[in-house]
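Look for chain A in each of the two complexes below; its partner is chain B in the first and chain C in the second.
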Partner chain A sequence: MSIEIKGVHQAFHGKVVLDNLNLTIEPNKIYGLLGRNGAGKSTLLNIISDRVPARSGAVTMDGQSVHENNAALGNLYLMSEVNLYPPRNKVDQLFKKTANFYGGFDTAYAHRLAGEFGLDLNARFGKLSTGYRSIFKLIIALCVPVDYVFLDEPVLGLDANHRDLFYQELLSAYGERPRTFVISTHLIEEVANLIEHVFVLDDHRIIINGDVSDVLAKAYAISGPQADVDRYTAGLNIIGADHLAGIAVTYVYGTLDNSRPIPDTVQVANQDLQKLFINLTNTTKEVSTNVN
Partner chain B sequence: MQFNFNSTEPIYLQVADQIEEAIFTQTFAEGEQIPSTTEISKEFHINPATVLKGMNILVDANLIEKRRGVGMFVIAGAQARIVEKRRDQFYNDYVKKLVTEAQKLHITQKELSELIERGFSAS
Partner chain C sequence: MSTKLRATTRYLFLEQLKQLGQGYLALLVIFVILPLLVALVTGNITNFNLLKTVGNFSLGAFLALFLFILNVTTYDVFKLLIQNGIARRTYWAARVICLVVLSVLGEAIVGLYYYGVYAPMHNLTTQRALSQTAYSLYADFLGKNLAVNLLAGAVFSIILYILIGTAGMLIGSFLALFSKWVQWLIIIILPFAGFSLLMVGISNVSGYSNYDFSGVEAFFKFLIGYPQNATAGLFNPTVPTITLLLLSAVMAALAYYCSQHLKIKQ
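Right, the complex of A and B next:
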């Protein structure tokens, strides 16, 4: 019972967009899909949901290919930036159309959410602001009776209050009926605690695939006088550094050398997910090959 | 209940610490139900699996128990157990750090004892 992405390769006009990706998406888990602009996140989500075909490789749900497989595609939903809805349709009409397509669509919940977000059911889709288009699509994503929900930039244009409300509703919906959510977002701090597992896509490859707490347990920030920090971190997997006068912070991803005593002047703390992401995906880095 | 999350300690440990603190201060009294995984998850935007991992630490420490179909409750005697545990950790958590810092500041053992006495008379 999972979605398997095996050897998925994609290229446009000779440029590699996804380089031989292998991933497993398990049931009832909340995932974060992180990556810089152009890393290939949307392409990956479009391939998983069979909106675009992959050059090679396969996506399967419970062992069956999702390609032109209505049973599998009816069990997943991709909310994306693309606006596939007729602009003249009213919000409530679109809820009804969705309900006709996905039997079991929770219309009562959709109306309640529309009320909470202040989305006018009689507004025409084409007249909605960017924020409210996102809200409309989020409501559908939370109300469709599928086991796999993919959210591509779900909070685009939402103000802080609406983002807060969305995260709350997402966890509430998840608590009531566990299902898989894959959230692709640039607002890493906002989802860092919400997700259980993280994928980081960088330079068209997956560079991190792990439980958030396991990943962060290996992400250190070591600070103190430059010379002491350098001596302590020599030979470790250094992914970045900050300097302020004589004080240095060196960022390490991986295991520390337990045989080395930590000097009194040096402090070892952990990086948060956003800092780790920035360090690992900075284009100026020279150590990208060290990522394991 | 007051959760104050920082970003560098694992969240599940912080969940365990915060609930333990609430039991210690009797915000969650013995025999009472504590908020559910979903409630904490929703309120603080934390993955329910993470919240559960934190709660399981407290279950293992015999501080809370699961009652099937109802929720998590504070076990009788939990507060006393926390006090006992914190007394055990007092030397490592406070005394060692106090002495290290005092030495950095060239505060003598005698001066430190005097400061501790002053602390007692002030409180």
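Right, the complex of A and C next:
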């Protein structure tokens, strides 16, 4: 049981937004979907949830097309920045409406979470601040009985305390009932320890698709005097460089040359996910041909 | 009926029923309570006739307008439903079911008011009152049995409401495909363009004094069920009823086609 995205291509007003995308989203995993602004993350999530039909290609769940498929659409939930709820409805009314459409909505848990986040059940959705709208949608995302939850900028407008509370609740909910979460965010450091698998979308294509541990195992930061670093990294897949007080740091993605001895003046460390992302998406043209 | 269709239909129906109730309440406030209050404040209460006011409502016209507006509203409901995992096809099917049920229910309310309140207050017999409805041309076609005529009149009205509702559904689904700006453009330009075309057509035709309209006339007579030398009340409702049903089906099908292309606007 998985979601398959095959050859999805999308363009708006003649501008390509997604270019022949192929992905598999497996059950009971936490994914990170990373990409710069305009990379096509939200469009991809909108296509998966059938909010926007793909121009070409297909999205399937268990081999069945998601398009116009109540069973598939009822087994996924997309929490996005766009507000699709009626602004005049009260929070508790919207919980009831969600329960009507998604049978098995955990209302008790929703009320408990609303209490923890300080969300007023009698407040009208349209009157909520950006942060509380996000909280409202996050609560629904955690309480709907679906196997696939997509979170597009889930912590938009949330303060640090609420973000921390959300991450705790996400892990707790996942622990109690494993399901798939796909988190699309710009706050990479905050989710780096949550996600198991990462997709990096750049220039409308997937340039990284792998388990976080495998991806980071190939992401190196090689530092030392410029000449020594240059000599050691010659011919490797260099994705970026920094210079700090006479020390050069060169970022490499891919396997190192094991036959090449590491000079005493050179240090080899692993990059973190955010640094890797920045380097990869800063050097799109050079990297995209080498990283897959 | 699938679980999702049942849930969607139930949701839409309860919402629409609530809106219909609010509409009737608004009618009562605007046409009864406010004039009553004004009469009280201005000291003209002796000139205010509550029974006359209550007996002059056009609930049928109100229901038709309500069903049209209700079905024009498409995008806001679509947003909520797609957020909750409901397919476009299910939304369309639920709307059609709700339209039929609400037309029947609405006609029952209209009928009760019209024959129970309006007709007695205007000293009309039930058959005479029937002759003043949209069914007037066919009111005596099925004979003298009042119950049969009333039932036929009600069915005819229900089909008319369904036609008006599906027309609203088609317009709403079509407009929902465009941005707000383009929607306004269409709303302003289309009627103007249609009117202009009509004027051009009329002016062209009027130049040909010997143009034979008998074919058009015969076609319209056929559509309204006009038999040779028949008087109003004895027209045949079969063709108009079938025509209305066919038009409703075509509009519902076109609305389905448009709704298949609905998407969340960025």
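Here is the rule we go by: the second predicted complex is superposed on the first by the 285 of 292 C-alpha atoms of A that agree within 3 Å, B and C clash if a C-alpha of one lies under 4 Å from a C-alpha of the other, contacts with A are read in each partner's own complex, and residues count from 1 in each chain.
Going forward, contacts are C-beta pairs under 8 Å (C-beta built on N, C-alpha and C of every residue); 3 or more make two chains touch, one makes a residue touch a chain.
Because the structure is a prediction, the values reported are computed rather than measured.
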Which superposed partner A:55 touches (first chain B, second chain C, both, neither): neither
First, second, both or neither for A:216, with chain B first and chain C second: first
Partner chain in contact with A:271 - chain B first, chain C second, else both or neither: first
Which superposed partner A:194 touches (first chain B, second chain C, both, neither): first
First, second, both or neither for A:6, with chain B first and chain C second: neither
Chain B versus chain C as contact partner of A:174, first or second or both or neither: first
Footprint overlap on chain A, where chain B in one structure and chain C in the other make contact: none
Chain C partner contacts - residues on chain A that touch it in the complex: 12, 46, 49-53, 68-70, 73-78, 82, 84-86, 97-98, 100-103, 146
Residues on chain A engaged by chain B in the complex (per definition of touch): 29-30, 164, 167-168, 171-172, 174-175, 189-190, 192-196, 212-213, 216-217, 221, 269-272
Residues of chain B that touch chain A when the two form their complex: 5, 7-12, 37-38, 41-50, 53
Residue ranges of chain C touching chain A (in the complex, touch as defined): 2-4, 7-8, 10-11, 76, 79-90, 260-261, 263-264, 266
